[in-house]
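Both complexes below contain chain A, partnered by chain B and then by chain C.
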Partner chain A sequence: MKEIVVIIGGGIAGLEAASKLLDLGYSPIIVEKSGRLGGHVARWNRLFPDMTPAADIVSELTERTKGANIFLNTEISFINRLRDSYNIKLSNGISINTSYILFTTGFSLFEAEKKEEYGYGVYDQVITNGDLEQWFNTGEDHRISGKEIGHIGFVHCVGSRDEKARNSQCSKVCCITAIKQAIELKEKFPDAEIWCFYMDLRLFGKKFEDFYTKAQRDYGIHFIRGRVSEVSENIEGKVIVKAEDTLAGKPIKITLDLLVLMSGMVCSQDSTKTAGMLSLPVDSDGFLKSSDNVMHITSSPKNGIFYAGACTGPKTVPETLAEARSAVLEIHSHISRK
Partner chain B sequence: MREIYLSGYNNFVLPFVIGMLFCLTWCIIGAARIILQLPGKDRKRFFLSLVNPKTMSKNIRDWFCDCLFHVKLWKRNKLLGYMHSSIAFGWFMLIVIGHIEVFLYTPERVHQIWYPIFFRYFVAVTDTTMKGSFFFFLMDFFLLIVLSGIVLAIIKRAHSRLFGMRRTTQPSLPDLIGLYSLWSIFPLRLLAEGFTADISGGSFLTKSLNMVLHSFLSDYMNMLPTWWAYSIALGIFMCVLPFSRYMHIPAEILLIPLRNAGISISSARRGMASIQVYSCPSCGVCIDACPMGAVKANTKDSTVYLNRQLKRNNKARIDEISEKCLLCGKCTAVCPVGVEGDKIRIAQRAAKKYNLTPDYSNIGTDAVNFQYNKKVIQKNNNVSSSDNKKVLYFAGCMTALTPVIMKSMVSLLEKAGAEYDVMDRDGGICCGRPMMMAGRIGPARQMIEKNTRIIKESGAGILLLSCPICYRIFKENYKLEGIEILHHTQYIERMINEGRLDIDRSDSRLVYHDPCELGRGCGVYQSPRNVVSRAGVLVEASKNGKESICCGGSIGSISLGFDKRRPLTENALASLTADSPDIIVTACPLCRSTFSRYADRPVNDIAEIVDKATSADKR
Partner chain C sequence: MMENIFGFSISPSSAINMDKVDRALFEELCRVEPDAVRCMACGSCSATCPAAAFSGMSIRKVLLCLQRGKEKEAFRMMSNCMLCGKCTMVCPRGINTRRLVLSISRIYGKEDTK
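So, the complex of A and B:
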């Protein structure tokens, strides 16, 4: 009999894991709460560092998981722990008995309206990184379309590295995302002046540094080290951003047509809820806790339950995919040992 | 009544006399020192108030209500009120009636201070003095009242929860000595008078005790030791009084006329601050009231412990407690004797020397550009308004960090057709309150001066504020004659009452949180509730109004770290959500952002709620 593996979450981690499980001859079941596959990546337009279209990645992954059982618009109602397996009841009435569950529940974007001083949801000129990608995809957003965009700002670390936003961790990918988005906006609005307000630039990945150099040298994007203190609106419908330039050592005030907030990654509430059904521990950063953060990042403390992707912390797309494969291998060796 | 001893003296009165003289001298010198420590202007004001019949009658009323009847405690907790007033008023009556007896029966002994106290030892009852039985009854009655209070006090020490107090003060050593001597005074008095009741006369209590005692102790020699014991207990109490919490008894007598004369704290350890510290009865009501008490480790940072450290002059702890406090003012609001915990702390902060003093004198007041704002006014001039006063809206820095409040407020002003001007749309000068709270009075004054100049030049009739922190300092420290200072809750209420806003009431349940600076700070409780109940169903928090719990985000605290504030916020939220409201409504930008960080339901400012419920342009 083919071993069943239940994958919670149909983002890229879930899809990649399903495709590898299929390759190994297992029978994966993907449970996805929304109506489509691909998670956050499906909502993104292009990916750094090579500007790969996100849609290509999602469609390739979807193609490879054709043989898997996929339940869309389905949530986990409850999970019962049996002697050495789990009984999962889905919201569509189906119940599954399995010995292996893989959490690929991913992350949520920090709700930018919680940083009240940036005026997201208050001012029409303020959008998030997610909104911007959506606009790249659809070209529809009343906050951007049909306006004359001459001055654009990016605020890094919105809801990351910020105790007051209840997330003191770095979200890892926003620095490079901001640079990527700034370049893309500059391509759309060649005459626009763009400012990025950052605390540190954490450009750790392959070719990230090149991106940064290119942004300054070829696109003339300004990088200002300092946090934005407040955002207000003037009578012409523009936003005034006050910040401190900590390198120049003086306060600055810039009037902008568009302000993009780089919302960070936080653990999704659904992840914690589902993890709670199995009494899985949550780490101090709010994400699910692996049994070891060095050696066993894909293992949970509970037998038969595994993690992959951003449910254990912020990760880039390649890292997520690699982790999905590694989790599959972990499951495979577990099954083989039986 | 006839006297038994010609001398009218026995050695046993000595402990009492020594204690009494010591205590009296101490208190008189102390009172004189405190009055001398007052600034000259305040001292003059104090003496003038003593000859003013209005303040004097208020003094007398307060002496009775506060010192003897403990009316404030009664209002808070009946059992606690009875306990304190029975001991205070009962003892007072025993002293008064004791003196009346001496005046009536042995007027020549009036100058002997021990005579009224030990009257029963020195006299014998005669046939002609049966009318004294009325006094006998009164004396026994009040003794019984005091004894009942003592019994309650003993129970309270063991089970404070029965008295509605979760936590009580840990007594210091002098407090304990005072406490035990106070507890023993009245049973010993009963015993002593019980022994002599067949000679000196007595009533239901002492007479009956006398019968019981004589049934097995017929020897009169037993009499003297009990009188000695009674006198020693009194003597110990009097001697320890200046060093214990019982100092509040004489101190409060001076505090009341000083307060009624309108004198405020002007120095950290002298004058008014000092008398307030000594007036603290260590009752510990402030311990449960303190919002920091949500974390047990903070118990010793409440006002009662600050007062104790001030008496001990423990500098390190005084600074620590003073800087940690959120300055929510709840301890001041609940204090039965009127110790102003927040103001004492600000005075301590002000006394601290810093190496760096910020100087704001170079900030120009003409930098605030009203050019742009005038255009708005002209645009609105054609709208007829029932209120022809020009409104100057000062949003303040906290509102700048929660722009949704400013946006809603401006939208409401537009909808109501008000002629308005935004003072700090393009940045403004701080109101000065944060500096004031930090005890940096000088820099605060600089800002006050600058803002005053700007406001006076603006030609506004109303100064409108969104932030209660600003509102308080504008009310308390600015002199803006002819300009009405309103918080936006009050102005919104006025706009609604004048029919300038068309508001649709929804069914959502709204709980209103009283911000510290608006409620306890400025006494604005009703206006926001009136407004909220026009926009939805008003529900109340389990602690509201004067007892409202600080959100924990207060800028009052200089040293309380971000992570230390979370339990305080969660505790305040638990009180707010007791009646399961849909939305938490507040009227302070700082409370709004603090609560929304941890709340499980939306947190809105009152302006947002009203703006959402108001249809655009009624006209």
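So, the complex of A and C:
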């Protein structure tokens, strides 16, 4: 009998895991709460550092998981732990018995309106990284379209490294995403001046540093080291941004037509809710806790339950895909040992 | 200047207002020295500068001042440079800081004589 593996979440981690499980001859079932596959990546336009279209990745993964059972618009109603398996009841009434559950529940984008001082939802000139990607995809956003855009700002670390926002972790990908989006905006508005306000630039990945240098040298994007303290609106309908230029040791002020907030990755509430059904532990950063953060990042402390992707912390796309493959291999060795 | 008869005075604001900064000369500098913007403010140049300890010279700060419209401050620092080139030797970004100092003098000096 083909072993069933239930994958919770149809984002890129879930899809990649399902495709690899199919390759190994198992029968994966994907449970996705929304009406489409691809998660956050499906809402993104292009990916750093090679500007790969996000749609290509999602369609390739979707194509590869054709053989899997996929339930869209479906949530987990409850999970019962049996002696050595789990009974999962879905919101569509179906119940599944399985020995293996893979959490690929991902993350949520930090709700930028929580940082009131940045004025998201208050001023029409303030958008988030997610809004900007949506605009790259659809070209529709009254806050950007049809306006004269001469000066653009980016605020790094919105809701990340912020203990008052209850997220002390670094979201890892926003530095490079801000640089990518700044370059893309410069391509769309070649005459615009673009300013990035950062605390640190954490450019750890392959080609990230080159990307940063390119942004400065070839695209003339300016970087100011200092966290934005407040945003206000002037009578002409532009936003005034105040910060400290910590390299100059002086307060700095600039008037902008558009301000992009780099919302960070936070644990998704649905993820913790589902994990709660199995009494799975949550780590100090709010993400799901692996049985070990070095050797067993894809294992939960409970038998038969595995993690992959951003449900255990902020991750890049390649890291998420690699983790999905690694979790599948882990599941495979468990099944083979039986 | 009027004598200060009240015993107090108003200090000028030290804040940087980017809306009023004219970037034309810095852009001209970037055309000749495109690497100028790649400075990551590590401070190696200032740490090795023999003039720094006595005069406050720092090519890192000079670059920043020019970008923030504080030319006078930049020139005051730069006047202490002895063009020894030690900063060029230590720069991890490979910026030719010695040549940069000369280019700044040429481009900004030209403006002074106008």
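Methods note: the second predicted complex is superposed on the first by the 338 of 338 C-alpha atoms of A that agree within 3 Å, B and C clash if a C-alpha of one lies under 4 Å from a C-alpha of the other, contacts with A are read in each partner's own complex, and residues count from 1 in each chain.
The working rule: a contact is a pair of C-beta atoms (placed from the backbone, for glycine too) under 8 Å apart; a residue touches a chain by one contact, two chains touch by 3 or more.
All of these numbers come straight from a predicted model, not from anything done at the bench.
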Touching partner for A:E117 - first (chain B), second (chain C), both, neither: first
Which superposed partner A:S232 touches (first chain B, second chain C, both, neither): first
Chain B versus chain C as contact partner of A:K164, first or second or both or neither: first
Chain B versus chain C as contact partner of A:Q216, first or second or both or neither: second
Partner chain in contact with A:M51 - chain B first, chain C second, else both or neither: neither
Shared contact residues on chain A - chain B and chain C: 253
Chain A-facing residues of chain C, complex: 14-19, 23, 27, 30, 34-35, 37-38, 41, 61, 64-65, 67-68, 70
Interface residues, chain B side, partner chain A - complex: 372, 375-376, 400-404, 406-407, 425-427, 562-563, 592-593, 596-597
Touch list for chain A against partner chain B, complex: 114, 116-117, 119, 121-123, 163-166, 229-235, 240, 242, 253
Chain C contact footprint on chain A (complex, rising order): 193, 195, 213, 216-217, 220, 222, 225, 245, 247-248, 250-255
